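Two complexes are shown next, each including subunit A; its partner changes from subunit B in the first to subunit C in the second.
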Partner chain A sequence: MTMESLLSIGVSIGFVVLCVLLHRIALAAHLLIGFGLVVGTLYLVCFHAPLEEVTLGTSYLIFYFHFPSAISCLTIFVIAGVVSVLQLKSGSLSHDRRASSAVEVGLLACTITLGTGMIWAEAAWGQPWVWHDPRLMTVAIMWLTYVGYLMFRAAVDNPVKRARYSAVLGVMFSINVPVVWFAIRFFGKVSHPMEIEFAEDVRTIMKTTQWFGAAAFFILYLGLWRLRYRAQTIHGELERIGETFAARKI
Partner chain B sequence: MQQLRALLTVIRWDVVVEIKRRESTLNMSLFALLVLFIASYAMSDSRELLQAFGPIFYWVAIFFAGTVGLARAFLVEREGGAIHAMLVAPMDVSLYYIGKVIATWIYVMIMAGLVLLAYIVLFDFDDWSKLGRILATTACFVLVYVIVGVLLAAMTTSLRGGEVILRILLFPLMIPAVVVVYSANDGLFKTSALALESPAPFKAITVLLAMAAVYVSVCVVLFPKVVEE
Partner chain C sequence: MDKIYWISLLLSQAGETQESAQEPDFRYHVWLAYALVLVLLAGFTMWTVVQVRGAQKRMEHLEERLNRTTAGKSKSAS
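Here is the complex of A and B:
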């Protein structure tokens, strides 16, 4: 095993520990750290990363926002799938709130990925969308399935039934995540690049900016996930109080 | 053996109900034939147009009409409360799902057969050597379709606006299967609907069967959670 791969494993483990620790601090502090890191990414992009790439020119800069959102949305949808499995095992409503808030935040990240991707595609390919690219197609399908998930939730009134059905959908839809990840490997590279090829002299700073951005956005999305979970919990409590009052005719 | 008998009972019961009510197959077929009829009329001026776009409408007709049958897959059980009896019956709930999938596959295949007949008449199809391939690809496509559709139908039948929700959930999940059959159109109907490199029909069948295997293994595990009270 090379030194570089050992370092990558060490950094990944450290990052997971950091994310777990972040869950223990106050939500406001978590969000502030997330925003601060995103501003830090912006600083790196503007003042450290090279402003032009050999083939794509300045348009490549959007990659530092496109990639973090893409990697975050896939990770968050996997988390939603895992929490859905836990919901099916335990029947807990809090797991349902966790899964649905993860889907909401994942969908936001997915929308940003598609939006930034289309802007980049317009600059790089001359058109915002190509139908024959497997990565684009699979991400669009994933976006549509999770929009359906949220619409489905809105149509079910009974909270217990909603939780169970949503968990079933959460598990089913998470099958899409590996399909998106391996789309280019399965169907071959069509238009979407598998990774940006960095020039040797700027490789380190570009890689650092890329992964710093990914970590920063992921931490921010985790904060937003907590925020949505809290909002859903309060909403659920208010609904419960309202039902109690209605039952007692107050 | 007892489980197999139970499975056959579920299929027979479903088929008997359908023969008596004649709702799903008739509605689906009429809807699909109307789609093909309108499409063929719109392109009747040009034989090239008919042959180029006909296969697309063949799949579109099956795809959209199929939801009419899926939406009714659990209607009788939910209306009559028979679903509770099914749940307390001495059989594995997953078998009930598999029985339902097989029965629904039979109706949708009847509809697909009629669509193929209409396609042959309305779209000037005369390459008879390809009929077997088309039927095999259709059968595999319909299998993937009903495996996913029956699970979703079990969830959406009792909801308000259930039919619309069923379509919203089912269509995105079916896009990969649609892309696979469209990309096999070259080998099936001599046209290419998408710019994807066209695989041979048997490759499309392999991909569809793999998709069916993945979906059925997930759905069999999830179905008991869907019908649990």
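Here is the complex of A and C:
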């Protein structure tokens, strides 16, 4: 095992521990740290990463905001799938709220990925969308399925039924995540690249900026997940009080 | 050769630098993408915060009403 891979494993473990620790601090502080790190990414892009990419011109700078949202959205949808499995096992409504709030935040990240991707495609390919590109189409399908998930939740009133059916959908839809990840390997490259190759002399700076951005956005999305969970918990309480009112005929 | 950072290129006028004269100008796309990300993130956060505050207020109001009604009923029963 090389020194570089050992370092990557160490950093990954450290990052997971950091994310767990962040869940123990106050939500407002978590969100402030998240937004601060995103601004830090912007600072790195502005004053740290040199302009060396020649093939795509300056349009490649969109990558520093496109990639973090893409990787976060896939991770968050996997988390939603895992929590949905837990919900099916336990029947807990708090797991249902966790899964659905993860889907909401994942959908935000997916929308940002699609939006920045389309702007970048307009610059790099001359058109915002390529219909036969496997990566683009699988992400679009993923976006639509999760919009359907939220529409389904809004349509079902019974909280127990809503939780169970949503969990089934959450598990089903998370199967699409590996399809998105391996789309280019499965179906071949059309327009979307597998990854961006940086010149050797600036590779370290650019990779550092790229992965710092990914960590920053992920920490912010975790904070937003907590915020959405709080909103859904209060909403659940409101539903419960409403039922009490109805039962007592107030 | 001095390293070029994108901030100087993005803030410069079109055609002012040698690089922007040689390559197509994508500054509009970069600004648009970054603005979109920040607006969506800030908008989503603000929307949820407003929603949480509203729901908290409504819950407090309903709990108070529930307590008042319960107290009123127990008084009339005694």
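The rule is short, and it goes like this: the second predicted complex is superposed on the first by the 248 of 250 C-alpha atoms of A that agree within 3 Å, B and C clash if a C-alpha of one lies under 4 Å from a C-alpha of the other, contacts with A are read in each partner's own complex, and residues count from 1 in each chain.
To be clear about the criterion, a residue touches a chain if its C-beta (ideal position, glycine included) is under 8 Å from a C-beta of that chain, and two chains touch if they have at least 3 such contacts.
Everything quoted here is computed from the prediction, not taken from an experiment.
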| item | value |
| --- | --- |
| Partner chain in contact with A:I141 - subunit B first, subunit C second, else both or neither | first |
| Subunit B versus subunit C as contact partner of A:V38, first or second or both or neither | second |
| Which partner, subunit B or subunit C, touches more subunit A residues | C |
| Which of subunit B and subunit C A:R24 touches, first, second, both or neither | neither |
| Touched partner set for A:I175, first subunit B, second subunit C, both or neither | first |
| Partner chain(s) touched by A:R248 [first = subunit B, second = subunit C, both, neither] | second |
| Partner chain(s) touched by A:V156 [first = subunit B, second = subunit C, both, neither] | first |
| Footprint of subunit C on subunit A - complex, ascending | 31, 35, 38, 42, 45-51, 57-59, 61-62, 65-66, 69, 108, 111-112, 115-116, 119-120, 122-123, 220, 224, 227-228, 230-231, 234-235, 237-238, 241-242, 244-245, 248, 250 |
| Interfacial residue positions of subunit C with respect to subunit A in the complex | 3-7, 9-10, 19, 23-24, 26-27, 29-30, 32-34, 36-38, 40-41, 44-45, 48-49, 51-52, 55-56, 58-59, 62-63, 65-66, 69 |
| Residue numbers on subunit B that touch subunit A, as the complex places them | 151, 155-156, 159-162, 165, 168-169, 171-173, 175-176, 179, 194-196, 214, 218-219, 222, 225-226, 228 |
| Complex contact set, residues of subunit A against subunit B | 88, 131-132, 137-138, 141, 144-145, 147-149, 151-152, 155-156, 164-165, 167-169, 171-173, 175, 179 |
